[in-house]
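Following this line, the structures themselves.
Two complexes come next, and they have one chain in common, chain A, joined by chain B in the first and chain C in the second.
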Partner chain A sequence: MGKAETTLEIPLEISDVSGQKVFSVANAPTGNTVGELVHEMLGKMNLPRNDASGAPLTYQARLEREGRHLHASERIGDALERGDKLTLQPNIDAGQGCC
Partner chain B sequence: MRFASETAANAVRVLNKCSAELRPEGPWRWSCVVQNGARLAVAASLEDGFLQLAFRPETTRATAWGLERALKANNTLAGGVKLALDSGSRGLHLRAEIAVLEEQQLMDRFERALDGFHHGIGLLKSSDCEARAGHAAAQYAAGFSANLGELLRESPWGCAERGPNEFSVELDAKSAPPARIRMTESGLDMSVELVRANQAAEPCRQALAVFLLTVSSALRMARAWTATADGQESFGFQVSLPAAPDPEEVNHGLAALSVAWRMCAREASVLLHEAAARCYLAARDLSTTNTTNKPQSEEEN
Partner chain C sequence: MTLTFPYRFALVICGEEGNNLGTVVAKRDWEPAHEWTRFFHQRKGELALGGDGSASVLPLWEHTLGEPYCRGYRIQIVQPGRRPVASDFPITHFRDFAGAVASVFVGQKKLREGETYTYMVVAHPAQAEASAAGGLSVTNVSPGLPVQDASLDDFLRRGQPSGVIDADDMPVFVHRQVLDEAAALTRAHEGIEVGGILIGKLWRDVDANEIFVEITAQIAAEYTLGTNVKLTFTAQTWAAADAALRLRNKGEVPVGYHHAHPVKTWCKGKECTPEKQKNCHLAKDFFSADDEAVMRAAFPRAYSIAIVANDTAFADLTFSMFGNQEGLTQPRGFYVLEEKTSGA
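What follows is the complex of A and B.
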């Protein structure tokens, strides 16, 4: 995790949607955004960037404590608490003008 | 189209009417105590036009065997309520996602979900989920008057009639089989099968249960199911709707099954291989051999 100017950091636990990959992040900078955290973790967790048909996947983080998806622009320090568990999951839409 | 403020207003009115206590917990989040028999503390939140309800018991640490049992009972819960597993824990919880419609419809869905929650708590407390399955959903049999075929044909989803009150619908997912839509005594049942196996090995069944219950917590409306018929075991996702659903609910439900297929079908196929299933159970710290393998984990500095 890149160091932000502020030294405030919190530990987080981040997993993929299957629960197979669980990463402990000891020092997530509170000044960073959730989008920056997700972007960085995708590489570390080696999550697929494309779906089965080759279309690019985008991911979002779901905060288990509140049962909601976080916006990429939310600041870690504002939205998260120490020890929060996040699940990274792909954004998949279906059925819009379907079939 | 409902605007966010109208959606929120409907949701808050229903929560107020149906809750003995309602306390705001944050933006679009509430803690409510509902009463339908026993008092029950439920977390409610509003996101993307869905009212999300969740009940997390304080102490549940399921075993692989228990999760397999839970999966078998999952599609018996009323109101589309489902058992789900957080990806970072071994504790089952109950949840439901309800599309926010008109106030009266929302209240009806909310009350059905409460029945599902109460039944689900019984399942969580029971050591044998199967023994207590099946009573709650059936009471919603009455009252279907809508024409299911008409409802589906007016939707943007391609459908075909397969029998009396039974249809198949093409999902928005490549290589997915058609979803099965049928009217049952508990309401409208929409389901898609992910995998089928002849006598799947125990680790495969348990790994599929863990995986599908985990993904259920990330999917709206769709809940995992398994069934055995003619010596074959099927695993998939189901959406349970009232007997006279709103067209918008049908649309959301079919979209949910499409997303479920796209998220899980390949992975579910892999888990039919016993070696892969054992690896997955070990990664989730749920090995059938009681080893204490920890999830793949890294400490970052």
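What follows is the complex of A and C.
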């Protein structure tokens, strides 16, 4: 399991917060950014892209191997290794409706 | 797990006199109904715990008018070697979308402000969509339901009902200490929305054909941003909760979240009279669209539940529970277990 800089695509495993939705990705392009990966996976995993008001939700990808959240601008080939596990974690508001 | 759509649904909006104001392709989040269908049939032993099958959304034709008019929709799951399972949902599932379309029509002067409108749902066969070239190649490798075997009767003997228990709902058992900790957290931060992650176990009683949840503990949410009207769960919140869950190492899984509604602070800000506060719809069993969005994004499985601590000026702290009921988030009852959680 080495860095994937010399390959064009690497396999990854991506889950949601609950850990009950898990998808394996066979061909994550090493030239793409983490943000691009997250954006595409939200659709594949049927996770909401917007909050209740329609504003875009921000998800961060947490890399289990390093125990850190990746920056959206990091390149897959630089930050990730084959078989890495990511968890998509949203910043999201619970809140009051309206009096 | 992926839903397929052999039909395309649309809403026909009509004005007060039945005049057709326009037809709009229906947009709705089908996932909660899909999850509910899957879990309902897993509870009844009709769908494998680990198998998702192939699910599709089908129209239910209106009895009198027939195709293309719908009286609702059906989610059908086809599984290898077993008969398909299905759940039917009413046309009212489109009501919120119809309301949103009506608002747009008001803006476009197709509908007058306050004018009554009706809507019909129609469905037509969908054109086969060409699969997009390139893109990620993904496979759903989600784990099966993490159930262990137990006796439902044994839990029912020990549980004290709270709220209205619907016999069709998945039974939920909450240890008293979870509620006590949620109450302590709420009181310690009076006037501010605080919360935590609910963790527990899924049990299956094969004889009773039922799956139920035991909430064994709560993990106070860290790295949140709380005000009197909202609670922001950050990516760091989920990471910290996951770390705490792993440290406990008791075979528990995340089953939902709890948070406080500081109703008395809201009412104070609005200068509501005591009488008005007692009748306020926010005082009990209130779950906002934002609250639902947290469930959808973080706890999408149909067994997931949410607890709200209602902190009002006129009564002791009360708790409301919410869960997926036939594809919609609804208030529901639960059972309280007085004994200490074993976590075993």
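As a convention for this text, the second predicted complex is superposed on the first by the 77 of 99 C-alpha atoms of A that agree within 3 Å, B and C clash if a C-alpha of one lies under 4 Å from a C-alpha of the other, contacts with A are read in each partner's own complex, and residues count from 1 in each chain.
The rule we apply is simple: a residue touches a chain if its C-beta (ideal position, glycine included) is under 8 Å from a C-beta of that chain, and two chains touch if they have at least 3 such contacts.
Bear in mind that the values here come from a model prediction, so they are computed numbers and not experimental data.
**Q** I'd like to know which partner A:K85 touches here: chain B for first, chain C for second, both or neither.
**A** First partner only.
**Q** Return first, second, both or neither, reflecting whether A:N46 touches chain B, chain C, both chains, or no partner chain.
**A** second
**Q** Which partner chains sit in contact with A:V25 here, chain B, chain C, both or neither? Use first/second/both/neither.
**A** A:V25: touches chain B and chain C.
**Q** In the superposed arrangement, which partner chain does A:L57 touch: chain B (first), chain C (second), both, or neither?
**A** second
**Q** For A:E66, decide between first (touching chain B), second (touching chain C), both and neither.
**A** A:E66: touches chain B, not chain C.
**Q** Overlap the chain B and chain C contact sets on chain A and report the shared residues.
**A** 13, 16-27, 44, 51-53, 62, 67, 69, 87, 89-90, 92-97, 99
**Q** Report the residues of chain A in contact with chain C in the complex, numbered from low to high.
**A** Listed in rising order, the residues are 13, 16-28, 37, 40-41, 44, 46-48, 51-53, 57, 59-60, 62, 67, 69, 87, 89-97, 99.
**Q** What residues on chain A touch chain B, complex-wise?
**A** On the chain A side, the touching residues are 1, 13, 15-27, 44, 51-53, 62, 64, 66-69, 85, 87, 89-90, 92-99.
**Q** Okay, in this complex, where on chain B does chain A touch?
**A** Contacts found on chain B: 25-26, 28-29, 43, 45, 47, 52, 54, 85-89, 95, 156-158, 170-174, 210-211, 214-215, 217-218, 251-252, 254-256, 258-259, 262-263, 266-267, 280, 283-284, 295-301.
**Q** What does chain C use to touch chain A in their complex?
**A** Going by the criterion above, the answer is residues 1-3, 29, 31, 135-143, 146, 193, 195, 229-236, 238-239, 242, 253-254, 257, 259, 261, 266-267, 270, 272, 280, 282, 286, 288-294, 296-301, 304.
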